[in-house]
Amino acid sequence: MTRAALRHRLAERGIDRQLLLLAPALACVLALFVYPFAYGIGLSFQPAEGGVLGAYRTFFTDAYQRDTIATTLGLALPAAILNVAASVPIAYRMRGRFRGKRLLTTVLVVPITLGTVLTAEGLLNYLGPTGWFNRTLISVGLTDAPVRLTNNYWGVFFSLVITGFPFAFLLILSYLSGIDPTLDRAAATLGAPWWQRFRRITLPLLAPGLATTFCLTFVLAFSVFPSAVLVGDPAGETRVISIAAYHAAYEVYDYPLGSAIAVIMGLVELAVVAVVLGLRSLLYTGSTGGKG
Amino acid sequence: PESPNSGGDATGPVPAKPDSAVTLNILDVAGNLQLTQGMIDEFAAKNSDQIGKVTYSKATAPELVGKIKAQQNANRVDIDLVLTGVDGLAAGIEQGLWTPLLPAYKDRLSGMNGYSEGAAAMQKLAGDHGVTVTYYPSGPLIEYLPAKVPSPPKTAEELLAYAKANPGAVQYARPSNSGPGRTLLMGLPYLLGDSDPKDPISGWSKTWQYLAELNKYVTLYPSSTSETMKNLANGSAKIIASTTGWDINPRVLGTVPKEAQVGALEGFHWVTDAHYAVIPKGVPAGKQAAILNLLADMLTPQQQAKAYDKGYFYPGPAVEGVTLDMAPAESRQAIQEYGRPEYDKLIADHPLEVPLDAKALVAAFDKWDREIGGAKVKK
Amino acid sequence: MTTFSELRLDGVRRRFGGKDALAGLSLTIRRGEFIALLGPSGCGKSTALNCLAGLLPLTEGSIWQDGDRLDTLPPERRGFGMVFQSYALFPHLSVRKNISFGLQMRRLPRDEVRRRTDEAIKLVRLEEHARKLPGQLSGGQQQRVAIARAVVLEPSLVLMDEPLSNLDAKLRLEMRTEIRRLHQSLGLTTVYVTHDQEEALSLADRLVVLRDGRVEQIGTPEELHNRPANRHVADFMGYRNLVPMRVKAVHGDTVALDGSGLTLEGTPVGPVAAGDEVVAGIRPEDLRAGPHGVPVTVEVVEYQGRELAVEARTEEGVALFLRAAERPAPGDRITVTAAPSRVLVFGAGTR
Amino acid sequence: MTTFSELRLDGVRRRFGGKDALAGLSLTIRRGEFIALLGPSGCGKSTALNCLAGLLPLTEGSIWQDGDRLDTLPPERRGFGMVFQSYALFPHLSVRKNISFGLQMRRLPRDEVRRRTDEAIKLVRLEEHARKLPGQLSGGQQQRVAIARAVVLEPSLVLMDEPLSNLDAKLRLEMRTEIRRLHQSLGLTTVYVTHDQEEALSLADRLVVLRDGRVEQIGTPEELHNRPANRHVADFMGYRNLVPMRVKAVHGDTVALDGSGLTLEGTPVGPVAAGDEVVAGIRPEDLRAGPHGVPVTVEVVEYQGRELAVEARTEEGVALFLRAAERPAPGDRITVTAAPSRVLVFGAGTR
Amino acid sequence: MTATLEKPAAAVETRRKRIVASPGAWLVWGAVAFFFVNLAGVIGSVVVNSFGERWFDTWLPSGWTTQWYASAWNEFGLFPILVVTLEVALLVVAISVLVGVPASYVLARRSFPGRRLVYLLFLLPILMPPITYGIPLATVLYKYGLAGHLAGVVLANLVPSIPFVILTMTPFIEQIDPAVERAARMCGARTWQVFLRILSPLLVPGILAASILVLVRTVGMFELTFLTAGPDSQTLVVALYYSMSAAGIRAQQSVDAMAVMYTASMLVLLVVALRFVNPTQLVARVKEDPD
């Protein structure tokens, strides 16, 4: 009787044996992520010199290091914003059903498979001074000298767009398809022209999805590393924070500093994500009327 | 299959031969296998009683230390032999990763006595920890297409003047990502007559000033040497930094037109380069025995001749008296077609200098990154 | 807003992938009328409504408002109000903002928006809930918001697509009265889609019965209730007993029938002749247990408050649905009968 | 499967986050009975059903099957069948596999599975559709699959949670008869949840009316229809007119009332005394237009086939719902009256 | 929006009107076309280069050859690498689905104290760049003798994969009517039977979608794989990255050939997968609007 009662009481709170299904995943994350990560944080507090916060002090007192945060944000934020912003109108156009939609979506997804190296090689070939792009521009007469689009900010930016856009697009298309299309029609019958419908109905309902998508693409862009080296200007314009972390850990072998930079990287990223999710929680977050 | 630790204990004396055939896991972080894989394969084939199987893997030098360290921390070293350049070698020495081979096994490596002058100097850098396996004098050289640069600069000043007259035409890759880039960096103090060519921070004032001046006319620093080669080939760069190997091999591969020319700046010193073999601490004695026998074999002139390759590390051999006609036919043919007879004279006429040690080099890179490569954004 | 004296649909046709969802609907709607579109699922009711609203382009035909052609205008310029089956309330806007949305789109002055919104909220008695989000309301309340949102614009025409089908029985009854009240008191013109014949009968001035995209009958509730034009309409209007029979003889206005184990007299709809194979349509409430009738066996008995609903089977095994005042037991044999005026006979021409 | 002679719910309580969704339900279900749980949305009907099924653990109380305690068993070991509101068919399995799923779970021999599945398919007349997936079936057909899936196990108890609420009016009527037929012919014991009083009345042997998790009344359809225990039950049983009035005098079995602009005689439910504030409950069909009655003003008129439904207002502005045979116009003044036996008077004790 | 819903049968008149009425549509499609043209240029230039003999300052290479593929294949011993890549990817997908799906089931269906915390915990590995935890993770894995083998690579790749499966599957499971599970229980099915016979088939599209994404991510995951890979457990992306950045002189074309092979294999995986999964159903199982 009492055991049954206890079981009932726990069950009422939502605790029963089914929760054990969570155990393997939780164990994996704890052992393979939380433990090493905590280890890394611990390491960052044990620099060779400068006391507990020495590694952090080293990072923040050196403008060359500190500026990598701004450099990275300067790349990741615009890239994430562009990826999300460009996905919205395209997904908006594509949410209905039409012939060739599946093909078009598939093609839009292709860049996911490219991988950093091909993207980097391709950008260097294509956008390089004698690549097809500049050749076209010159032969059309738009410019006399080749436009420099690689080994600088733009090269990295384009590679972030190529790898990030399809991802953002897929997510947004998926979120957008979850919004009940009759809402749009209802607004139409109430006299709202298309841009009012978009601005006042679709966009607010899409906002939570936009926030999530933004966070995910931002995270992808923020940890950019290979392409910052390959198509960027890793000493200057595109010296992103992961290059600093890499430099500290693998070139100077200052593991505490490397860990500290990694931790800072994580914190900056979480801060941006928190701001975005915080803004999101101010908005409507309930059902979007999608039909199951 | 064999367990990675077969071949006995990590401690204890190293026998003359392993008790049974071992598996060797070789990690190459310097691109050295291109030169030596043939030697290793041949030795393994001939000595199947010592070496059962060889696995090769490749990595970049910076990652090497982290990986070995992680393995040593865990007491599970599964890399038996590392082929590395100066950078990886030095980093490992500083972190205490390598097994000291000298002077304990000097007698087993008799080939070391035959090192050429430059190679012997490079061997000093390795201290007791590594064995030089290949060597070349490297650079700095400049490379250009004669059609586009009819009268190439002859001195450092002329190079600067040329750059000034043709903004964007002179190019070298970011030194920390590029052999020719770093060779140029290390060669400049000799060219310009700096006070201490071995101290990039306080002894290179002329060099830094020169680089800063040059920087005004350099539009970009690619992240890899191949990028500068490509730019040379397609005409968007007119003069790039190069080395003997980077001159010959890309022309063999077709990345750069055959007709490209190299030039040397007046009064330059060769900044030499070499590849080393090192054994991480924690490798069992049996394996060490096999490796020592392998290294001894690799240092024989017959094997060293393979290092001519297709000019990748021209000339390549680290020991004296290895001539081109000892090399495999393929090598001979490539070098006869794409090599340059004038190299012999250049090597003979110009002094050889060992490169910076790892610490100084990292400092030089850092300074270059901050003050030259990063200067464009600072403004 | 603009009003009109009549709205004319002229051969409106809409095809989906080669199949007609709506095949030539012609209908004239007079101002102030309450029209119900009635028919089984998939018959094209929503298609007709969406064509009218401008949400679906026509394949053929035209729509005229008095003298003006309407079908080329986008929905937002037709000035109609629409109540959707699932309400389609904007989930991120409060009740008040949902209702005022249309007014704001018209760029009316602030004061007027406020005044008219308040009025509409009062009209549907949601004063206490004005600040809530739709997700916090019950079905009936959401329903009222949807109606208020449509009527606050004082549209020349209100379109409703099965607005009651998501509600429970009691609420459905209440909302039905509410809709009728709003229609009367605001003097609206309404087109109402439903598949519930009782709802259509109780609300509409005229009914349009559709089947497979075609109009089967247009008429007043009385006309449809008492004289369905064919057996399909009859089926839909509650003639649950549709029994295949044969005409024995024709006597003036009535005919004598037999077949399926029954013998009956009925009133023909359309011409029939002796010997024709016909279908007799009888409502359960017109088929009563009583003496001097046809013998049937009771199978299922259901209590329905005042009356009992009985399912019985004739000797030939045909199921009949009827009403009884006293409770028979399953298995009882009783006799049933129907007044000839209540038995409709559909000949071949009215199948 | 196991059968039982009775199933006893003993003070079954279920709390959600501190609020009682079901507060002490005690009920004895006899074998072969058809019990309907009736009540407005949110009253705890589904909670009760889920507790019985074992899908929700109880907070308090117990469930006994003859002498065995049942509430500690998981649902799969109670051997009950259940029909869900949205059918909950397995969308990836064919009709046949849906139906045979339970038999396979019991690890019955192949032959028997096949035989019993075939029987069940035949029972619900889906022979032609056995290979289709649920998504290819109409609502009524899905409904029948759901029923077949539940009854093929010959469960000792069948639970149904608003199984008809997703169907359209005509189909609902047909399926209702179907369910009753199955119950009778298979000799099942059934607990049926609905919010439609007509459905409950027509199907059940006994009704349990719930409100806010509490039992308001248990009784036969006739008892509930004619003698609802209080005004809430009355409201639910179709007493749409619930008018606050005052008792003028008590004469034996009937009382004289006035108030809200009406003067009436009625039958008290529970003790009342002169001067009491009471509520008079009258069904629309018992309040008839006729001479010698109370004058009211017609507001809305709805056609309902045979009759007209009228909403009128008394002089004091109280809304009344009644039936009329002839069509009055909105604004007409008519007089209404009701038989005293049809006017139920609920005193303070039966609120 | 209606422009895209247009059916061919629609009257010519309305159709013309709509096309004229939406310059926005032209702009959007124009932008998409521009993106594709440039994307094609990017991919095309790599493919062309990988087949080119030498390609200097011209529109196209001066000759064609497949030798770069042969040399890349041989130099890197691609066959065993491809096998390892496939093994790693499939193992990671299988394990993360096996571990992740039950967890997402609990997260989707149940509310229990600490649910949000658990959810956050699963979110973190995705939000953190692999570099931040890769090094300590490798150290830990080496410590327990797991790194340097397939096992270590698989374990390291599980870190972002399991959370990824959980995050994509949770909304998916939420959209399956819980009544279906209850119905199965009422039919006498045990928990595992419910999972095996009812839930798994219903979740197939979601599992496939998640698997593909995990597969693509795993095949493309450089940092974690590199840090934990041993000599016999390198994957394609690690080899590719070496070919690009390791010391030594390599023909650009040969690197391009590697990249093309890498992309081609990913593309095959993706195209095969997209046959089973609708890409718009990543976060929500939506029915497309019928009109």
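Note that the chains are named A, B, C, D and E in the order they appear, and that numbering of residues resets to 1 at the start of each chain.
Convention: a contact is a pair of C-beta atoms (placed from the backbone, for glycine too) under 8 Å apart; a residue touches a chain by one contact, two chains touch by 3 or more.
All values reported here derive from a predicted model rather than from experimental measurement.
Trainee: Give me the fewest steps it takes to get from chain A to chain E if each step has to go to a chain it touches.
Mentor: Step count on the best path from chain A to chain E: 1.
Trainee: I want to compare two interfaces, A-C and B-E. Which one has more contacting C-beta pairs?
Mentor: Answer by contact count: B-E.
Trainee: Centre to centre, using CA atoms, which chain is the farthest one from chain C?
Mentor: That would be chain B.
Trainee: Using CA atom averages as chain centres, what separation in Å is found between chain A and chain B?
Mentor: 38
Trainee: What's the distance between the Cα centroids of chain A and chain D, rounded to whole Å?
Mentor: Roughly 54 Å, centre to centre.
Trainee: Centroid of chain B to centroid of chain D, CA atoms only: how many Å?
Mentor: So the centre of chain B lies 88 Å away from the centre of chain D.
Trainee: How big is the gap, in whole Å, between where the Cα atoms of chain C centre and where those of chain D centre?
Mentor: Taking the average C-alpha coordinate of chain C and of chain D, the gap between them is 25 Å.
Trainee: Going by the contact rule already set, what residues in chain A reach two or more other chains?
Mentor: Residues 130, 229-230, 246, 249 of chain A each touch two or more of the other chains.
Trainee: Name the residues of chain B that each touch 2 or more other chains.
Mentor: Chain B, residues with two or more chain partners: 63, 66, 177, 224, 230, 234-235.
Trainee: Multi-chain contacts in chain E: which residues touch at least two other chains?
Mentor: Residue numbers touching two or more other chains: 2, 6, 57, 135, 139, 177, 244-245, 252, 255.
Trainee: Quick check: in the complex, which residue numbers of chain E touch chain B?
Mentor: Listed in rising order, the residues of chain E that touch chain B are 53-54, 56-57, 77, 135, 138-139, 141-145, 147-148, 226-227, 230-232, 234, 239, 242, 244-253, 255.
Trainee: Going by the contact rule set out above, which residues of chain C touch chain A in the complex?
Mentor: Contacts found on chain C: 53-55, 74-82, 84, 86, 88-92, 101-102, 105-106, 133, 135, 149-150, 153, 159.
Trainee: Under the definition above, what is the set of chain C residues touching chain D in their complex?
Mentor: 40-41, 138-139, 165, 168-170, 173, 176-177, 180-181, 184, 195-199, 201-203, 221-222, 225, 235-236, 238, 240, 285, 299-300, 302-306, 309, 311, 321, 330
Trainee: Report the residues of chain A in contact with chain B in the complex, numbered from low to high.
Mentor: These residues of chain A touch chain B: 64, 71, 124, 128-130, 146, 148, 151-152, 229-237, 239, 246, 249-253.
Trainee: Mind pulling up the chain B residues that touch chain A in the complex?
Mentor: Within the complex, chain B touches chain A at residues 62-63, 65-66, 91, 94-95, 174, 176-177, 219-224, 227, 230-231, 234-236, 362, 365, 368-370, 372-377.
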